[in-house]
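The structures considered in this document are given below.
In the two assemblies presented below, subunit A is common to both, partnered first by subunit B and then by subunit C.
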Partner chain A sequence: MARPIIDIRDLSIGFTGRTGKTLPVLRNVDLTVRRGESIGIVGESGSGKSTLALASMGFLKQGLRVIGGSVCFNGEDMFARKRSELEAIRGGQLGLIPQNSGQSLTPTMRIGAQMAEALELHCTLGKDAYHARIIDLLGQVRLPDPEAIFIRYPHELSGGQQQRVAIAMALAGEPDALLLDEPTTGLDVTTQAHILELLRDLARDRNMAMIYVSHDLGVIARVCERVMVMYAGEAVLQGPTAEVLKDPAHPYARGLLASIPRLCDTHLPVALDGRPPPPGGGGAGCAFAARCALVVDQCQAERPALMGAGNGSQARCFRHADAHTLAAGGTGADPLHHRSDGQPALSLDDVSISYASHGFLDRLFGGAAKDIPTVDDISITVASGETLGLVGESGSGKSTILKAVAGLLPPAGGQIAVGEGNALPTMVEQRRPQQLRRIQMIFQNPDDSLNPRHTVAEILAQPLRLYDGLSGQALTERSVEILETVRLGAHYMDRLPGQLSGGEKQRVAIARAFAAEPEIVLCDEITSALDVSVQAAMLELLNDFKKMKDTTYVFVSHDLAVVRALSDRVAVLYQGRLCEIGPTEKVYGNQSHPYTSVLLNAVLEPDPDVAPTLMAEDVVELSPPSTGCPFQRRCTRKQGVTCENETPPWRETGGGHAIRCHIPLEDLGGD
Partner chain B sequence: MTDTALQSKGPRRLGRFSVVLRDVISRPSGAIGLTLVLGHIILALISPWLVTYDFKSMDSSLILEAPSAEHWLGSDHLGRDILSRVLQGGRIALLVTGIATPIALLWGGMTGILLGLVGGRVDEVVMRVVDAFLSIPGVLPLLVLVTIFGTGNEVMVPTLAFFYGIPVIRVIRAATHDVVARDFVLAARARGHSRLSIVWRELLPNVRDAMLVEGAMRWSWMLLAFSSLSFLGFGVAPPTPDWGVMIADARAYMPLAPWGVLAPVIALSSLIIGINLTADALAKAMGIDRARKAVV
Partner chain C sequence: MLRMLVRRLFLGFATVWIVSVIIFAGVEALPGDACTAFLERDAQGKLLENCRNDLGLNKPAVTRYLDWASGAVRGDFGVSPDGQKSIASLVGDRVKNSFLLAAGALAVGVPLAIFLGVITGLWRDKWVDILFSTGAIFAMTIPEFVSATVLILIFAIWLDWVPAIVLTPADAPALDFFPEFILASVVLTMVMIAHIMRMVRSSVIEVMASDYVQMAMLKGVPYWRIVFRHALPNALLPAINVVALTVAWLLGGVVVVEVVFNYPGLGRTMIDAISDRDLPVVQALAMIVAATYVGVNLIADMLTILLNPRLRTLSQRRK
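Up next, the complex of A and B:
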């Protein structure tokens, strides 16, 4: 067998804590990668997966140090090397593709010049050969028109194109191994699917070794042959991807799988209770013991070693033989569904929103182009107690619509009404307190939506003081009561957001919204900044509130599986226009808008047998077309000039399901 | 929910002030800086009871006398006790800058917050004016004003406060801009809080830190400007002792009596270094310098 390219033996990495004790963030990890192999490292935030990946290129974040073990690249110890030697290897034989390439590209340099820098460091070509080599590399990552990309600046490229440039740069040194740190996180599903296909093909054609770090098992399933699951700095399960994903032999991996919402599963995902121990806080036994359903006395007393668990996989678990008794999906609670024909709670009538502002020169010359609204022609009625899912890629206007409903953005036209009543004033400042309390919004990132200088008590007091005029003892009692409905205790009252975990912060944000006793709650990507196991808990929480208070939700997400888990009805948006709307099972069914099909097919599921289908081109449009169908430029089923000139008609399929397309219903796929 | 549950919340969170103070003291720069600054302030407060000589009284038998048991820091070219003069100089410098700094912070900070909130054209225009002021070398406008209106404290305080409030505008406006763009401000707007309440509850706690650090920086610059003016002969009028004046006067006799220059120089620089070290530690303790904290 060939010598491994990356050989990590018994690696432990840690830092010195405030008390002077050494706290490990990585414990006894072994990892070998050979030429042509691709290994996925999965884990939640704080599991040590990025530390491991960076250590494999001999890099440690500030404050960390190696406690034990070794990292060898091509047979030589990385941590024993000089800085200059490491620099020659990094970017040369070992390429890194970071998460957000837009940030790793220099904004003031043209793509060609940046790539020439990479070539200068890591290849022996003469300067005159650079241009041809760069064009060749850009072509290899399947960028259309490499000559045009060569002279562009990074901000002129879409996120997917920037990521391709980063991949081309990593390939410049003809690497033996590629290190990928969440390279598709933050990209749209369709773009992600394209990038992953590219990476698969590159690894195969060049016979490279790949280490792929991700929190997303679906992505790993697509790209990697072997997978290693990390928990609290340890490898808890490793083996062939297919075996690990089908029948994982570790309770944590099973819990993780169960917490992922699936397109084909109508149940809510199951949350994993508890949270991982802090570095050095695991005690003597298994790090997962406190959260494990199969825990026995031995688990508390003794740290399990990695042991063979059949099918070529190894699990760090004494009870791996019984792990299959735990479900790994499909057993979640049924979401509470609601008829969509009840009293209307929220209605949008022909709402359009425009961001365009005319600059000084436009007004001077009076020659501003005709204004195409960012969001146009949105008419949706949400029934009381119903959950409406709004899906679409970035730039589809889903958050913009929520902000208009909340009164934070003035619509350019149309009206928004609550209940049976009259239209709401457009801006929040003109709304009356009783109108305001009926609509509450939960934001995407709790780090940003909670004031870092306020304690939890102060955060919850804001709506209670404002809407109910509570103070003193009554205020405290009510706040604690609300905290308990989101399963946080009274001892959280004095804490600052910085002292809470991501999930706890989002619970506080949810508690704050429900403190107002709202009828309608607007959820703007509220789970996308959280780990999957925490996401499942948030979905459960929202479902509980729906049961208790009959709340109406408008749930915005780019993740189709998450929307499926919670929604009664789904609306699909493209470029600020509605493409399709209807009951969840119909929209996710066979008969759908071409854009919906593209989205559904690009979703990656943690199932090695399901491959995504790439239907549309990976392009990002910056503005909607002025006439015709919004999807005309990317649609693979475009019907000629009709789609360019005429706004497509709504076609009803029955049961409240409507598709806006020129293609007759019979041709859009049947049930 | 009853009282027992409310009481069982474990150790109380320490007040933020004491947390920050502990952090500042635990850093070498903070400990040294704070000692220097507090030392200066205490000396200034108690110096009337410390010195036995009148800082104005001249003694022809003591001209350029070296430090001795009676005159610890020696005496100057007019035979005045240097220790008394250095201490008295510190009182005046701390008094003038101690009043001018909060005024500068207040007007600069309020203008900055207002501009950050209003934005748009008003912001643009005012900021260009601010830029124009910042492009003029610091002491020049001070010199002009002092020559027109005189050198009394009633002129120095407003003049310093005005000119040193201008850089504060820039810093606080930037801080406000950062905070206003965040979702918690949007969330407060969406709930329907009044503008004043948003500024008070959401904004101020988040720009307070920047303001405190900026205040310390302005203070040290102001001290330097105050002494520079006196050094150039435009500041405090003799015979009132000031560090700048003392350095200027004693400069001519440096080969004969270096202590005459050294004493006010050490006093001035130790105070300015102290303030800068404290500001540095403060910024780190309050997480304004985030890069360091991100690791752990």
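Up next, the complex of A and C:
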């Protein structure tokens, strides 16, 4: 067997804590990768997976240091090398594709210049050959019009294009091994699927080794042959992808799998209770013992070593043989589904929203040309107690619609009404407290939506004071009561958001929304900033509130499986226009709008045997076409000029399911 | 870009115009006028009447504003009440002198501040950083008159390298102020350096911790190349506006330093004009200072847009 290209042995990395003790973030990790192999590293935030990936480049984030072990690249220790030697390897034989390319490209340098720098440092070409080589590389990652990309700045590209540029830049050094640190997190499903296919092809063509770090098991299933699951800085399970993802031999991996919502499963995902120990806080035994269903005395007393668990996998678990008895999905609670024929709770009537603002001077100088609205022609009625899912790629206007309902953006036209046709004033400051209380919003990122200087008590007190006029003892009692409904206790009252974990913060945000006793709750990607296990807990919580309070939800997410788990009805948006709307099982069924099919087919399941089907090209559109169907430019089933000139008709399939397309229903599938 | 420039110019002119109305109205609201100030105790009866007729002070306020404003646009601020000197030429010399002083302070101060900001940012919490950061705070907190006096004591009296104060008349050519204005420039440099340096320092620290600098490291880019090509172009952008404010502050006249060194600049002229109730001069100076602030900030904004590709695209998209 060939010598491993990356050979990590017994690596421990840590930092010095406030008490002066060394706290490990990585403990005794072994990892070997050979040419042509691709290995996935899976884990939740804080599990040490990124630290491990960066350490294999000989790089440590500030404050971290190596406690023990070694990292060898091509047989030589990376941490023993001189800076100049490291500089020659990094970006050359060893390439990195970072998590957030948007922030990883230097904003003041043109794409061409940044690529040229990589070439200059790591290849032997003459300067005059750079241009041709860069165009060639940009073409390889299937960027349209490489000459145009060459002279652009990073911010002028879309997220998917930036990611491709980052891949092209990593390839410039003709690497033997590629490290990928969550390279598709934050991208649309369609873009993600295209980029993964590209990476698979490249790795095969160049016989590269790949280390792929991700929290998304679906991505790992698609790209990697072997998987290593990390928990609290340790490798807890490793083995062939099929083995690890289908029937993992470690309780944590099974819990992780069970917490992932899937398209084919109508149950709610099951949350993992508890949270990982902080660095250095694991005690003497197994780090997962506190959350494990199979825990025995031995687990508390002694740290398990990695042991063979059959079928080529190794698990750090004394009870790996019994782990197979634990469920790994499909056992969650049934989500509560409501009929959609109840009293209307929220109705949007022909709403259009335009972002182009006309400033004072524009009006003075004669105004800008009339533009096409960002969101147009939205008519939806949400019944009381119903959950409406809004799905679409980024830029499809999902969040824009929520903001208009919440009164944060003025609609350019149409009407938004609550209850039985009570039209709402457009802006939030014109709404009366009783109107405000009826609609509450939960935001994507609790770090941004909770005031970091307010304690949990102060955060919860605001809606209670405003809407209920509570104060003193009554206020405190009610706050505690609400905290308990989101499964946080009274001892959280004095904490600041900075002292809470991501999931706890989002619970506080949910508690704040429900403190107002709203009829309608708007959820804007509320789980996308959270780990999967925490996400599952949030979905359970929303479902519980639905049971208790009969709340109406409008649930926005780019994750189709999450929407499926919770929604009664789903509306599909493209470029701010509705494409399809109907009961969840119908929209996710076979008869659907071409765009819905594209979205559904691009979803990655945590199952190595299921491959996505890619249909449309990944073209990024900045604005919708002025006439005809919004999807015309990407549609693989375009019907000639009709689609360009005429707005497609709504075609009813029955049961409240409607598709807006020129193609007749019988040709849209339905077998 | 051009449209943006036109917009900003228009707004700049609007600002200056509003300032001119406020200044004129403010002077109007004061009791008395140029004639009462000039004639002092004789300001009564026929004499006052004649003076007002001569200077056109009997006309309605709007007409006088229009006369004054149209003159100011051409650079003609009228003549002093005794009818002897043109205000424009008197003020013009002071403007030139203030420019000279500011240029001296800026030519040394800005590059030095940026240099110190960069090195303190790169070696954060190392001895270089501690030394210069503390030094800068120290220089900023000492009042100008104290540092000026100490510098005079050391360099003019003990060492006798440069003259202690300026004796050259206000209307002398710029070169005659050399080497007299050096000490004044040094004092101003000390005051301004800390602002710019601290701004640059925090900006360098932020940029060096950014994802793109980390990416550049992991791309194998050598350290100093990262600093110069990836970090500094981004880190120095926010400094442009701080530099602009400093420039405007310097050009607007620095009263204390001018008084200590007997330097005939704008600030001292302003104070003199106010205490002499020389209202046309006050108006003229206020207009010049306002226009300077607007102009310098306009240039800074345009530079920022020009150097920051993100803003450049934004301004193009708004077309």
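What we mean here is this: the second predicted complex is superposed on the first by the 657 of 671 C-alpha atoms of A that agree within 3 Å, B and C clash if a C-alpha of one lies under 4 Å from a C-alpha of the other, contacts with A are read in each partner's own complex, and residues count from 1 in each chain.
The rule we apply is simple: a residue touches a chain if its C-beta (ideal position, glycine included) is under 8 Å from a C-beta of that chain, and two chains touch if they have at least 3 such contacts.
Note that the coordinates shown come from a computational prediction; the quantities given were computed from them, not determined experimentally.
> After lining both complexes up on subunit A, report clash or fit for subunit B versus subunit C.
clash
> For A:G407, using the defined touch cut-off, is the partner it touches subunit B, subunit C, both, or neither? Pick first, second, both or neither.
Once the two structures are laid over each other on A, A:G407 reaches subunit B alone.
> Which partner chains sit in contact with A:G63 here, subunit B, subunit C, both or neither? Use first/second/both/neither.
It touches subunit B, and subunit C stays clear.
> Per the contact definition in the header, classify A:P433: touching subunit B only (first), subunit C only (second), both, or neither.
A:P433: touches subunit B, not subunit C.
> For the three-chain arrangement built by superposition, which of subunit B and subunit C touches the greater number of subunit A residues?
Comparing touch counts on subunit A for subunit B and subunit C gives B.
> With the two structures laid over each other on chain A, which partner does A:S501 touch: subunit B (first), subunit C (second), both, or neither?
Neither partner.
> Go through the superposed model and pick first if A:T381 touches only subunit B, second if only subunit C, both, or neither.
After superposition on chain A, A:T381 lies in contact with neither partner.
> Regarding the shared-chain residue A:T455, is it in contact with subunit B (first), subunit C (second), both, or neither?
The first partner, subunit B, only.
> Counting only touches as set out at the top, which of subunit B and subunit C does A:A490 meet: first, second, both, neither?
first
> Using the superposition on chain A described above, determine whether A:A516 touches subunit B (first), subunit C (second), both, or neither.
Once the two structures are laid over each other on A, A:A516 reaches subunit B alone.
> Give the stretch of subunit B that clashes with subunit C in the superposition, choosing among 20-28, 56-64 or 128-136.
In the superposition, subunit C collides with subunit B along 128-136.
> Need the overlap of the two footprints on subunit A, from subunit B and from subunit C, as residue ranges.
After superposing on chain A, subunit A residues 62 contact both subunit B and subunit C.
> Please output the residues of subunit A touching subunit B within their complex, sorted ascending.
15, 17, 61-64, 406-408, 428-429, 431, 433, 436, 440-441, 443-445, 448-455, 462-463, 466, 476-477, 480-481, 484, 490-491, 493-496, 512, 516
> Which residues of subunit C touch subunit A once you look at their complex with the stated criterion?
7, 10-11, 209-212, 214-223, 229-230, 233-234, 307-310, 313
> Inside the complex, what are the residues of subunit B that reach subunit A?
1, 5-6, 8-10, 12-13, 182-184, 186-193, 201-202, 205-206, 295-296
> Please output the residues of subunit A touching subunit C within their complex, sorted ascending.
Residues of subunit A touching subunit C: 54, 57, 59, 62, 83-84, 86-92, 96, 98, 100, 103-109, 117-118, 121-122, 153, 155-156, 169, 173, 361.
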